[in-house]
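Multiple structures follow.
Shared between the two complexes below is chain A, which has chain B as its partner in the first and chain C in the second.
Right, the complex of A and B next:
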């Protein structure tokens, strides 16, 4: 048995001229809640679709639960749960028919988990899926996914559209699933607050590659926020590879660096005539957005 | 079965301190102020995780750190308890921490209009109150 629940090697996926995944290398250990973060179009959803065997990669290899994603048996699929961001469910079925179908497909079905999560939503058993509001459909879909008690549960922006109470109920159920059923949770979200609360491991994707994989604390420690008085051309500083951003705010220079030795950078700044360089504390959201904004698409300048 | 003492702490996301650090600080203050008594039983890792809606491993990490600092102790099969006060730090380390703490304190109060005498009297009073609780 392998120690990794998900393994990819040089995984590449192209859609025509566009590269969605570029030589993606990823090893996710078993257990825990892993949060995928990336700008729109970073390749998260494409990776999920390949993991589930719904899409075929252009090249490279991709394994889930130690098996090739292109050759998943029904038994293996029964151990993998997936919730997509649209919460797609058969519109013509009613809620009890959908759950009945799920019970038959998933041998580990946990009715108690289903009941405890669905109870937070006003979903009647005889209601057609098509009649449910977006939030109610999300609730039904998430209750089902958690009740499957899968070995690995992949959630693509699960809390989008949920109200605060439903979101709280879902997060509690999610953590219960992780600790008590020992599921590995793969979680994609843009909600930094949620990520900070639940994620043990951050996987930051950019342009189809995994850029960083670390615990939130370790990740924050790699990012430094410098403030100093500096009279220099910022473009020369901004081009240093370890500098994520550099800007002036009322005459003071604010620089964010990644994996940059503190003493080294301090003497670098002082050599360029910077006065009193100090390091300011930085929170997770700011650290993540600094990393993502480095290469984020922005409108091309027209002179 | 021993009654569990509630932990009245709050965590905030978006803080520069990671969540486990906020829990460590929060519980230390609760113990120092006497809101949680020595020898009392704390909520389980899972219960505190649900209370704060955070990952259980984050709570486990905070409890582990507090245990390493000697503030909490884990009794097999019974749960996590607030330890009887005992000193885990060497004299040198204690002096170093005292120095750091007083530097921070001096930094905070030096722009206020109190004389050194007033400050020390105030501090002495606060410390004596802590000891009586």
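Right, the complex of A and C next:
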């Protein structure tokens, strides 16, 4: 059996003229929480849809649990959980009916996990799903998804639109269960504090490609945040391939680099007249946003 | 699977119950105006409309709700095969449709059966089943239209026309046809119900079914197209052939049948007398200027079938009304006799069969039973295909008036004109004295028997005028001499018993050019005519023969029309080949398509184009390349070039 829960090779998906996934190479090992990060349109949701067999790739291969995503059997689907941002559930049923339906469907149903996770949320069994708040619905959805004891659970922006309390409850429930059933969790979110809290592995996508895959610590180590006194045209520095951003803040020059040799860059700065360049600590959110904003499309300047 | 079924059912059960209640209220209110069991065309139309629209709308709406992106993922991403998911949803859908649309109808029938003396029989229950199956077909078409990439799939609803109106047979046959359609539409919808909706393409046998489903709609569109490119433009510029109808007169040479039909009866007679060499022609011509003309009955005489769905019955065949006693004599298909029912007290007041009235049904003999569904004429005659009976409700007597020879059957109801009762069969016209016919309680002899001038089953019209020495009988038909060759004949029936055909004329000049007149045949010679001949006419158009009269191989068509049809079939096949030339489908399957579109002709080709998508098809014709493929290949290098790296 393969060691990877998800494997893609040269995975490409085009919608007419638009390329959503471009030669995407990805190998996600079993276990842990893997966070998918990327700007809107980076190809995350398309990848998930291909993983679930809802879309067919234009070229390349895509496997989940060692099987071709286009040939998922009902048994395999039972081992893959999926939670979307809308927390789609049958609104016309009450919580106990929905739970009963899922219990009948999934042979590995873990009532103990369900009871434990749903305990984080104020969901009454006889409450209609339509009457639940967004946070309660998210909780019910997560409880059901985890109780299915899936080998892999894909969470596509599950905390979107949740308030702070609901988000907190959601993350606690998620983290507790991860240690209990050892599912591999694919977590997609734009909330950096969540990523920072739960993710063991970061997968950063951009323009349909996987740009980085590393632990949060490793990733942060590759990003350097320089602060120095420099009076020069920053546009020439910003165009250097390993410089993610360069700007003046309160008279000081702030430069963020990636995979740049520290000594080499320090001498480069000093050579350009920078006084006393120092490396400041950078948090994950800033590191990721620097990477993602590097190639973000911006309007062409007109003189 | 059961859980999913239950979930889907719960989703719409309130709505279904509400519709059911509304339906019941509508029935209850409408019964105040017309008893539930009385068949009426409007009732049939209304029920059919509600059933079809209800089924289609529910199919469209429920599937559209599931098809939303995240909802589709929620639906299909579960440890159930697509087949089981489909079965669960469709079963729930059918049950809901049953509750909303069929249950009120069925409940009304059961109520009347149990708590009234109304004649409720198998055909009433079959009607409820028929409505349910039709709703099911419409529902599957709705599901198909939403899930299929071919939005024109909704046009497959045109198929329902056959179910609703065209099939006229025993109720069990209706149910058989309904069931076949239900299975067809069920499979059609199943073929597009896939986890990955983007995978649907035409390179599978299922597309063949889609094409067959679309074909009748395409044919309908094509058939109505001449209104746009022929009739309307000519009407607008005042050159339409119908405008010349006013020019027709008694001395017109080479007249057109259309003009002839529209002319006054005396003009028609004078026109025909032009071709007469009879001694009294001049006298008859003078008399005809002042004569009165009367048409024989135009009432429907098409055969009805035992256990025919009750709403497909004609009202005229339903019951004999006895206004004085507030009673109705309803024909029972089960018993083969009429059952008398007091409309106020709901009591059975008696029965009558071929030989008379009786009080109980204990020992109804075969001789008493009508062995076919009789037609009620003027509330005092019962006409079967070969016999006519007089019914005296006051004295409770039934008398057989006249029976045709074995090889004949009536083609018109009895008509009373010029003190004569006139019966018409497929071979002759029978004149009786009206007084005898109305009052004598015995078998009658015809006063005159006129052999039909042309052995034709159905004349469009037969009119009679009285002259000094007898009667002039005029026969007209669209297919007088041969297929699609209209004509008329004038028969002089003298009081002394002498009967002569004094004039005949066939109209060789047609009002419309052949490519318009024969368009249904040219467009789809095989399918159109097989459907027409087999399942009866779904579409009424004047130039076609009456239902079931001719299959395409029985029609004597002009040679150039056959050539046109063959050319169109060939062109359709060739264009199909061109369309599919670069398709990745197996070669054998391409040839199946070509063969199918040779048979289906232009409607088949149009259906295929709608399957492929119009833009895609045009592109294939122009560049021999698939549109999507062309786009993606063209754009690929640009993306590679634009790719930036951190």
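Going forward, the second predicted complex is superposed on the first by the 288 of 303 C-alpha atoms of A that agree within 3 Å, B and C clash if a C-alpha of one lies under 4 Å from a C-alpha of the other, contacts with A are read in each partner's own complex, and residues count from 1 in each chain.
Throughout what follows, a contact is a pair of C-beta atoms (placed from the backbone, for glycine too) under 8 Å apart; a residue touches a chain by one contact, two chains touch by 3 or more.
Just so it is clear, the model here is predicted, and its values are computed rather than measured.
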Worksheet item: After the match on chain A, would you call chain B and chain C a fit or a clash?
Response: fit
Worksheet item: When the two structures are overlaid on chain A, which partner does A:285 contact: first (chain B), second (chain C), both, or neither?
Response: first
Worksheet item: Which partner does A:168 reach: the first (chain B), the second (chain C), both, or neither?
Response: first
Response to the item:
Value for angle(chain B, chain A, chain C) over C-alpha centres, in degrees, nearest 10, is 160
Item to complete: Go through the superposed model and pick first if A:75 touches only chain B, second if only chain C, both, or neither.
Response: second
Discussion item. Counting residues of chain A touched by each partner, does chain B or chain C come out ahead?
Written reply: C
Discussion item. So in the superposed three-chain picture, is A:89 touching just chain B, just chain C, both, or none of them (first/second/both/neither)?
Written reply: second
Discussion item. Once chain A of both complexes is superposed, is A:207 in touch with chain B (first), chain C (second), both, or neither?
Written reply: second
Practice prompt. Classify the contacts of A:58 with the two partner chains as first (chain B alone), second (chain C alone), both, or neither.
Written response: second
Worksheet item: Closest pair of CA atoms, one in chain B and one in chain C, after superposing: how far apart in Å?
Response: 23
Worksheet item: Following superposition on chain A, which residues of chain A contact chain B and also contact chain C?
Response: none
Worksheet item: What part of chain A is in contact with chain C in the complex they form?
Response: 14, 16-17, 19, 22, 49, 52-56, 58, 70, 72, 74-75, 77-78, 80, 82, 84-86, 88-90, 92-93, 97, 100-101, 104-107, 206-207, 209, 211, 241, 244, 258, 291, 294-295
Fill in: chain A-facing residues of chain B, complex
13-20, 46, 49-50, 52-58
Response to the item:
Per the touch rule, the chain A residues reaching chain B in their complex are 32-33, 168, 171-172, 175, 178-179, 192-193, 196-200, 216-217, 220, 281-285
Worksheet item: How about chain C: which of its residues touch chain A in the complex?
Response: 2-4, 6-7, 10-11, 70-74, 76-81, 84, 195-199, 628, 631-632, 634-636, 639, 643-646
